[in-house]
Amino acid sequence: MTDLLKVSELRAGYGAVRVLQGLDFSVAAGEVVVILGANGAGKTTTLRALSGMIDASGKVMFDGHPIGGRRPEQIAAAGIAHVPQGRGTIVDLTVDENLRIGAYRRRDAPGIAADIARWYSTFPRLKERQTQQAGSMSGGEQQMLAIARALMGRPKLVLLDEPSLGLAPLVTQELFRTLADLNRDDGISMLVVEQNAGLALKLAARGYVLETGTIVTSGTADELAGNDDVRRAYLGI
Amino acid sequence: MIRFAIAIALVIAAAYLFGWYIPQFYESTTTYLWAEAFYIGVAAMGLNLLTGYNGQVSIGHGAFFGLGMYTTAILMESHDWPFLPTLFVAAALAFVVGVLVGFPALRVKGLYLALVTLGLAALFPQLTNRFVPRDLCKTCGTSQVGELARVKLLPPSWTPTFIHQPDQWAYYATLTIAVVGIVVLALLVRSRFGRALIAVRDHEAAAETVGINVARVKVLAFATSAVYAGVAGSCFVLVNRLANASSVSTFQLSIEFLVAVVIGGTATVFGPMLGGFVFVFSNRWISESFPSRLLFWHINDSIKSLLSPAIFGIGLILLMYVLPEGIVGGGRRVGATALRRLRRRVSAPAAT
Amino acid sequence: MSLFLTQLMIGIGSGAVYASLALALVLVFRTTGILNFAQGEMALYSTYLVWFFTERSVPVWIAILLAMAISFVGGAAIERILIRPVEQASPLVLVIVTIGMFLAINSIAQVQFGNDIKLLPRAYPNKTWLPGNVQISSDTLVLVGVLIAECLILYLVLNRTKIGLAFRAVASNAESSRLVGVPVGRMLMLGWAMAAAIGALAGALVIAPVGLQGASMQQILVYAFAAAALGGFDSPVGAVVAGLIVGVVGTMTTQYLHVVHDIELVVPFGLILVVLLFRPAGLFGTTRVERV
C-alpha cells in the first residue's frame, strides 16, 4: 500500500513550550489509523499541526506533495479535512448551510447537491433538522454534522479529534459503525485521535501510542489490543 | 542590596527633580504642563483600578473628572472656599455618583458597559450647560466660559515661602495628590480588596465561590476609581484656572485617560502615571519638533497643529504593535528577557 | 397629529443615518470583534473624497460611487495592514489602535483637503411634500430609500451568495471555517470593506445638507454607537431597528418633552441603559459578545 500521508520528525508546540518531540508516522490510502494517548500527550496538537492550525517543523508529505508550512485553507484544499475536538459547529448557520460551507472549495453545483442528499441519507437526523440552527442540536447530531461537513469537501483524508467526546455510549457506537461503513464503502482514509481505545482499535487497522509528545509503541490494531501496556493504560483491563 | 541602593538613589533623584527643580527653575507654562501630566495620571490611575485591575471598561471617566472640576470651581468661586477642602467634597460626590453608576454596571458588561459610560461622557457637558451658570466668576468678564478669578488661585498663606506663584501652588498641590494617589493605589492593590478586584476580573464565578462579595467589590471599584477621577478634576481647576466641560473635552478626556492607562500599562501601579506623562509631553514634543519644511512641502503653523494628532495617532498604533502590554508591562518583559540573557552569558563560560 | 407625523418622518430620516453607520459598526464587530472608533472618521475621509471629485466636476452620484469604491478597497487595506498584526491582542489594545486611527484619519483628512467648511452639492433636489399636512422632505425619502437599498443588498449578498455564506460562517466560527478551506483573512477584509463603503454612503448623504468639516461625523458616531449597543453589537437587524428607534425617540423628545431641552442625549442613553439592564446583549444581540 502506498502512503497517503507520511510524516517525519514532526515538531510543534505553543509559544516556548514544545509539545511534539519529533513524530514519525504514516497513513496508507484507504486505511484508518488511530493515535492513542493520555490527556496532554499531544494528540490534538498532532492533528492541529497537520492541518496547519499551529506552526510546525518536520516533513509532511500528503498525496505525494509536501504540505508542511502551508496555511489551513491550502491544506484543506489539498484534501485533508479536520473534524476538530468539540465538533466545531458553526452555530449560527443552519444544518444545510453547514454542509454547503463544507463544500466551499468545490465548484460543481450538481455534485454538491448530490453529496448533500447523500449525507442526508446517511444521517437522516440531519435531514430532519436541515433548516434548524446547528447550534441548537444535540451533541451527537452536531458530531454527525461535523463529519458530514468535513466529507462535503470530498477529502482524501479525514482527521478526527475525539469524535466520542461527550456522547452517550449508544450514540458513540452508532457513530463508529458509520465511520467504519464510510471507510469500507468509500475508501476514505482516517486518522483518529480517541480516548475510547476499545472502539478505536476495532475501527482502525493500525495505531500509534503517544506519550508526552513521543511515539512509544506502534503496530496493527490487533497487536496493540494484545499489548499488555496498552491494555493496562488505555483499555482498563 | 544593589537593587535597594538603586531604588533609594532613584527616589532621591525623583524627589529633587519633581520636588525642586521643575517648579523652581522652569517657566510657568512648563510647570503647568507637568501639573497637567500629574492630574491626567491621577485620573488614569483611577481608571486603571477599574479597567486594569477589575476588568470593567469605562469610556466615561471624563464625567467624574468634570464632576470634581465643577464641584471645586463652584465652591471656590461662589462660596469662597479655599482649594483643599473642596477636594473632600469633590471626592465624596464622585464616590456617591460612582456607586450609582456602579450598580447598573453589575448587569451591563464589557463593550456594552463601555458604551453606557460613553453616554455619560457625552451627556455630562449638556447637563452642565443647562444647570451651571456660564459665568462662574462675576468679575472676570465673559472672555472665557467658566473662568475663575485670579485671586483665588494664589497660594494660600500657610504655604512655605518657596511656593509663591500660582503655577507653583498648582504644581505642588497636584504633585502631592499624585504621590498620595500612587501610595494609596499601591497599598490598595496589595490589600485584600486589591486581590478581590483581580479575582473578580479573572473569574467572577470562582471569586464568588471563595466568598468574595462580587457585587460589593465591583461597585466599590467603580466608586474608588471615580474618586480618583473627581480629585483629578479638582486639580484641573487649579491648573487651568477655569471649569468648562464642552462636549468635545469630556469625551476626549475619557479617551485620554484610557489611552494613558493602556500605553502606560494596564494593572500596573506606575503605568498610568507614566502614560499621562507620555501623553502630555509627546503632544507638545510633536508640535514643537516639527520641521517647517519637508522636501518640497512647506509646513506652516496651522498645518502643524492639524497634523500633530496624526503623528500621535500613528505613534499610538505603532506603540501597540511593539508594546501591547504598555510601557511598564512591556518594559518588564523586555527587562526580564535581557536579564535572563545576561545571566546566561555570565554563567555560560563557567559551565563549559 | 400632522405635527406628530412630521416629526416621525424627520426622526426616521436621521435614524436611517444612525442605522447605516451602526450597520457598519456591526459588520466590523461581527467579523473582527472590534468596536471601531474610527468608523466615523473613515466615513469623514470618504466624504472628503466625494467633495474632491465633485470639485473636479464629476457628477455627484458618480462621485459617491467612486468614493464608495475607494472606501471599499481602503477598508480592506486597513484591516489587512493595521488590524491584522494585532488581531489576537486584548480588546483594550484594539480599542486604542482604532482610537489612533481616529486621530490619524481625522487629521490627515483636514491636512489633505483643508480645514475650512466644504459645501457638497446635493445629490438630489431639496423638496418637501405635504400629503395630508404631513411634511415629508426629499432628505427623509432619500435617506430611508438608501437604507432600504443597503439592507436589501446586504441581505442578498449575505444570504444568497456563496461569499456571503462564507462571511457568516467566519463570523460565527472562524476556526471551523478555516478548516473547510474558507480564506478567513479575506472575509475579515470583506467585513471592513463593506463597512467602509456603507459609511461612505451615509457620510456623503448626511453631510451634503450641512457642510463638511473635521468634526462632522463625531456626534453621528456617538448616536450610531448608541444604536449598535441598543440593537446588540453582533446583530445587523438590531443595528437598523435600533438606529431608527434612536432617531425617532430623539426627535420626538426634543419636540414634546421640554424637560430634556438641551439635554436630549439623556434620552438615547437612558433608553440604552434601561434596555441593557433587562437585555444585557441589546435587543437582538446574543450574549456571547459580553467578553472583554
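Worth a mention:
Letters A, B and C mark the chains as written, and numbering starts fresh at 1 in each.
The rule is short, and it goes like this: a residue touches a chain if its C-beta (ideal position, glycine included) is under 8 Å from a C-beta of that chain, and two chains touch if they have at least 3 such contacts.
Quantities reported herein were computed from a predicted structural model and do not represent experimental measurements.
Highest inter-chain contact count (C-beta pairs) belongs to B-C. Closest to the middle of the protein, by Cα centroid, lies chain C. Centre to centre, using the average C-alpha position, chain A and chain B are separated by 53 Å. With centres set at the average Cα position, the gap from chain A to chain C is 42 Å.
A straight line joining the Cα centres of chain B and chain C is 32 Å long.
Contacts from chain B toward chain C in the complex involve residues 51, 55, 57, 104, 107-112, 114-116, 118-120, 122-123, 126-127, 129-130, 248, 251, 255, 258-259, 262-263, 266, 302-303, 306-310, 312-317, 320-321, 324.
Against chain C, in their complex, chain A makes its touches with residues 51, 53, 72-73, 76-77, 81-82, 84, 88-93, 97, 100-102, 104-105, 149-150, 152-153.
Per the touch definition, chain C reaches chain A in the complex via residues 162, 165-166, 168-169, 171-173, 175-184.
Of all residues in chain C, only 35, 82, 85-86, 89-93, 95-97, 99-108, 110-111, 115, 215, 218, 222, 225-226, 228-229, 233, 261-266, 268-269, 272-273, 276-277, 280-282, 289-292 touch chain B in the complex they form.
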